[in-house]
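The first chain written gets the first letter, and so on, giving A, B and C; residue counts start at 1 in each chain.
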Amino acid sequence: MSLSGTFKDLTSKPARAISGVGERIGEMPTVSRWSLIALFIVSMYLMPWWPEVPVLGWLVDTPGTSFEGVITDKVVIYVLVALGLNVVVGLAGLLDLGYVGFYAVGAYTVGVLSSQHANLPWLVCVPIAVLVSMAAGVILGTPTLRLRGDYLAIVTLGFGEIIRISANNAEWLGGSRGISKIAKPPNIGPLKFGILDAKPYFFLGLTFIIVVVFLLRRLENSRVGRAWNAVREDEDAAELMGVNTFKFKLWAFAIGAAIGGLAGTLYAGKVRFINPSNFPLQLSILFLAAVVLGGTGNMWGAILGGAVVAWMPERFRGFADKRVFVFGVALVLVMVFRPQGLIPRKIRKERWLVNWKPPESTPQSGEAEVGRG
Amino acid sequence: MADTVLSVDNVTMQFGGVTALSDVTFGIMRGEILGLIGPNGAGKTTCFNVITGVYTATSGAVTFDEQPLAGLKRFQITKRGIARTFQNIRLFPDMTAIENVMVGVDVNHKTSVGGALIGSRRHHREEREGRDKAMELLTFMGIADRAGDAARNLPYGYQRRLEIARALATKPKLLCLDEPAAGFTPAEKQELMDLIRRIRAQGYTVLLIEHDMSLVMGVTDRIVVLDFGKIIATGSPAEVQNNPDVIAAYLGVPDDAA
Amino acid sequence: MSDWLIYRTFLDLTVTGLALGAIYALVALGYTLVYGVLRLINFAHSEIFMVGTFATLITATNFIGIPLLEEGNYPYRTGFTLVAILLACIVGGMVVSGAGAVLLERVAYRPLRGSGEHVGAVVLAFTTAFTVSLVFSETTRTNVIIGLIGTAPIAVLYLRIFRRGRQAPRLAFLISAIGASTAIAEAVAIWSPRDREQYQTARVLEKKVLFEFLGTDVRIDYVLVVIGALLMMTALVLFVNRTRLGRGVRAVAQDVETAKILGVNVDFVILITFLLGGVMAGAAAMMFTLVYDQTRFNIGFLLGVKSFTAAVLGGIGNLRGALLGGFVLGLGENYGAAIFGGEWKDVIAFILLLVVLMFRPTGILGESLAKARV
């Protein structure tokens, strides 16, 4: 029946349009490509003023609360988390169900250093927190990364719980009362970080995201990224092709943890009061859902997924207590009809490949010199 | 003088109560093509797996380039210079052909997270080198026209050749091919024979496991015949072909002679 | 504390630990069965258990009409009446959980395997229409009506766009499971009469001390739970090992493709696997209410995580492993809590798992439903 074709188009068109755009941007000359990217970034920074614009306003405004209630901290934090988890799950293919643990480590490090046991400024705490989270990633990864697949999943889940319960039981970490009066980010000129204005947090988070994306792109397009992909595709074959799988898996864990920790510092700096119940197991699952919903292994997918997961329940506050239910149903529906996620991972078309010419020193024919260097 | 690249000395491999290899001893000379043949279940792939570190031999030793391989991790063995292909193709399906080969090239590279993050000079040099080398190998294997396609989307013959390209990318001193002609048409087999000869002409040493007798006889310098985990004959293709034990164990079986 | 007291405490902990372990084991069986056949962590299995506890509650309270309290006392029953009520409850739990598991498989997993069919389409369609209607209306009845109206056309649409013959990636199954789990738990939280609050269940069994064992009081409910769990498990093992269908289950667990070629109806076998897991969870649900006399919409989550831990501990995909893992976890948790303090109970469970996996990477008994080492 001819209708079925139309239906199929309906489900896949938006995503195809998105990936089509990506491809077209990729083929553009460098100058226009970069100006387009710059334009995109600027429009992101202008998001607080979107409510003034007709269609965009609908996206960022809720009935009742405005921009502050929807986009701000939650979306940027979730996007950051999704980017980090995507390194672990999407690139290296390691199923981590305890990612909230690293987020908690980041937040608690800021809490401990700026309020509970010291009075360091927030900005000083951030790099320390990132390093501590990274160390946590290495400590948790070393014994567990030899496990495969679902064993890894349940053990990481356990670790997430261990971190939360330990924080709950350790008086040194504030116990179940948590830590309050955490330092906020320093004011930068007109940007005053406070309770009233959420914009500064949004700008800060967005800046973090841009830096992280920039760095991750470099990793993705390097020996490290290839090793991660190889491990994800076939761990045994990767090992037999000379990839030190354990080392690269540990790196994936550490980098993922560092980004999770970074998101945690942002969270602590925004809410300024944390306790163990902010870091439940369910949050790990929500984070994972963000990555898979967006499209595993695709950075844009992770960004979209993180944003959607944070934004949807807030935007539809009209649903009141039913929004979690709606979220669950939406997850099932997306997986049934778009199991690869909203923006599926694409086979990378190398830009250089189009213009590749053999190096001059070697002949071009089948008899090319492939001698052992 | 031809020197020994790899020597397998009195290797025995047991799984539970089953002996897959018993007291196997043979060596591979630098620059030769050695065929390892035998009926199904003779222990050829097990032997391969012992050499490449997938299994640890129950007893006996494998020496490569005058150094024992015992205790080395699998990726370290590859770094030392043993590369392999797989009987049932094991490419990285969602990576492009060129990326597959670049993973192999990366064995001899050193850039890690730090270098990639700051975009070090070495990182750029190695990336450039990796691309050139990988494209060169794809051209050599005659599959450069599909360099940008996902491995999973390549035709079967391309996938087999891509595996060889990926193995060659590690600059191996010994290239192990596990039934590279499986599923090939006679014409493709002929092409593969030419290819293996050309690989050898580049100075590589090749260990070839193969079922197809015409291929093995046509391309190898020397043949080791395994049956029930034991070596029953060693020698030139002509010698092996006329060895009564081999005929009884192997060539006599019409299925395998096909 | 005198040695005698320590000894008594130890025995007390053993008894309660075994009872808890029996419940873990029964739920773990569901995880292990599905994992063995599909290599899937059926994340929503915990919700199948939760639904089972509510089924038990409804059977006792609404169908049989037992009040929570009679003149200020628990509604204790004795003799034949008691047995009949308990049997009715367990059957209620098993039927509802079993049906729930089968439905779950059809709706949330089967379409992902590329063989979605009408049941999945209809339920998904109703859910979609119902969920969308939440935007327009706060009245549940209106929502249901809109859901029913929307079902037919949307189901037709869904049947057309099911990705037939295309297997989704593994992670997609997990996320679908998580989505289903969230939706089920929330649905109970939103549309049950007392919302998110705790429900008491009718306490029909007077928890008398049945006998003394080396000076420790052994309560009757603990004994019933352990015996019941062992019986259920034996029945399951006999089914998997002795029947034609059970052989099908083992065949599919071993090699789906070969089983298909040999004429095993794989989709049917998977359905049976979910049914068995659901039935076990339903039995566990009844036993849970028997011991703890309460339930809540989110009761499944932690218990599910623990049970899955038990399954992995014993060796996932291994029926005997689920039993062993359940008991080891129940006991280990109880002893550990006594030594380090109750607040560390869950930490102990996970550390136990980690330690076991360090030395035995596939669990205590190793994984394998196919070989059905029982």
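Going forward, a residue touches a chain if its C-beta (ideal position, glycine included) is under 8 Å from a C-beta of that chain, and two chains touch if they have at least 3 such contacts.
Since we're looking at a predicted model, the values are computed, not measured.
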**Request:** Could you name the chain whose Cα mean is nearest to the mean of all protein Cα atoms here?
**Result:** A
**Prompt:** Measuring centre to centre with C-alpha atoms, which chain is farthest from subunit B?
**Reply:** C
**Prompt:** CA centre of subunit A versus CA centre of subunit C: separation in Å?
**Reply:** 32
**Prompt:** Roughly how many whole angstrom separate the Cα centroids of subunit B and subunit C?
**Reply:** 49
**Item:** Rounded Å distance between subunit A and subunit B, as computed from the means of their C-alpha atoms
**Value:** 40
**Prompt:** For subunit A, which residues are in contact with subunit C within the complex?
**Reply:** 1, 3-4, 7-8, 11, 89, 95, 143-144, 146-148, 150-151, 153-155, 157-159, 161-162, 165-166, 168-169, 281-282, 285, 288-289, 292-293, 296, 316, 318-319, 321-322, 324-333, 335-337, 339-340
**Prompt:** What does subunit B use to touch subunit A in their complex?
**Reply:** 52-54, 73-75, 78-79, 83-84, 86, 90-96, 98-99, 102-104, 106-107, 109, 111-113, 115-117, 119, 123, 126-127, 130-132, 135-137, 139-140, 142, 147-150, 166-168, 170-171, 173, 198, 202-204
**Complete:** Per the touch rule, the subunit C residues reaching subunit A in their complex are 35, 39, 41, 107-108, 111-112, 116, 120, 124, 127-128, 131, 134-135, 157, 160-163, 168-169, 171-176, 178-184, 186-187, 189-190, 301, 305, 308-309, 312, 316, 341, 343-344, 346-347, 349-351, 353-354, 357-358, 361-362
**Prompt:** Residues of subunit A touching subunit B in their complex?
**Reply:** 215, 218-219, 221-227, 229-230, 233-234, 236-245, 251, 255, 345, 347-350, 352-353, 356, 358-359, 362, 364, 366-373
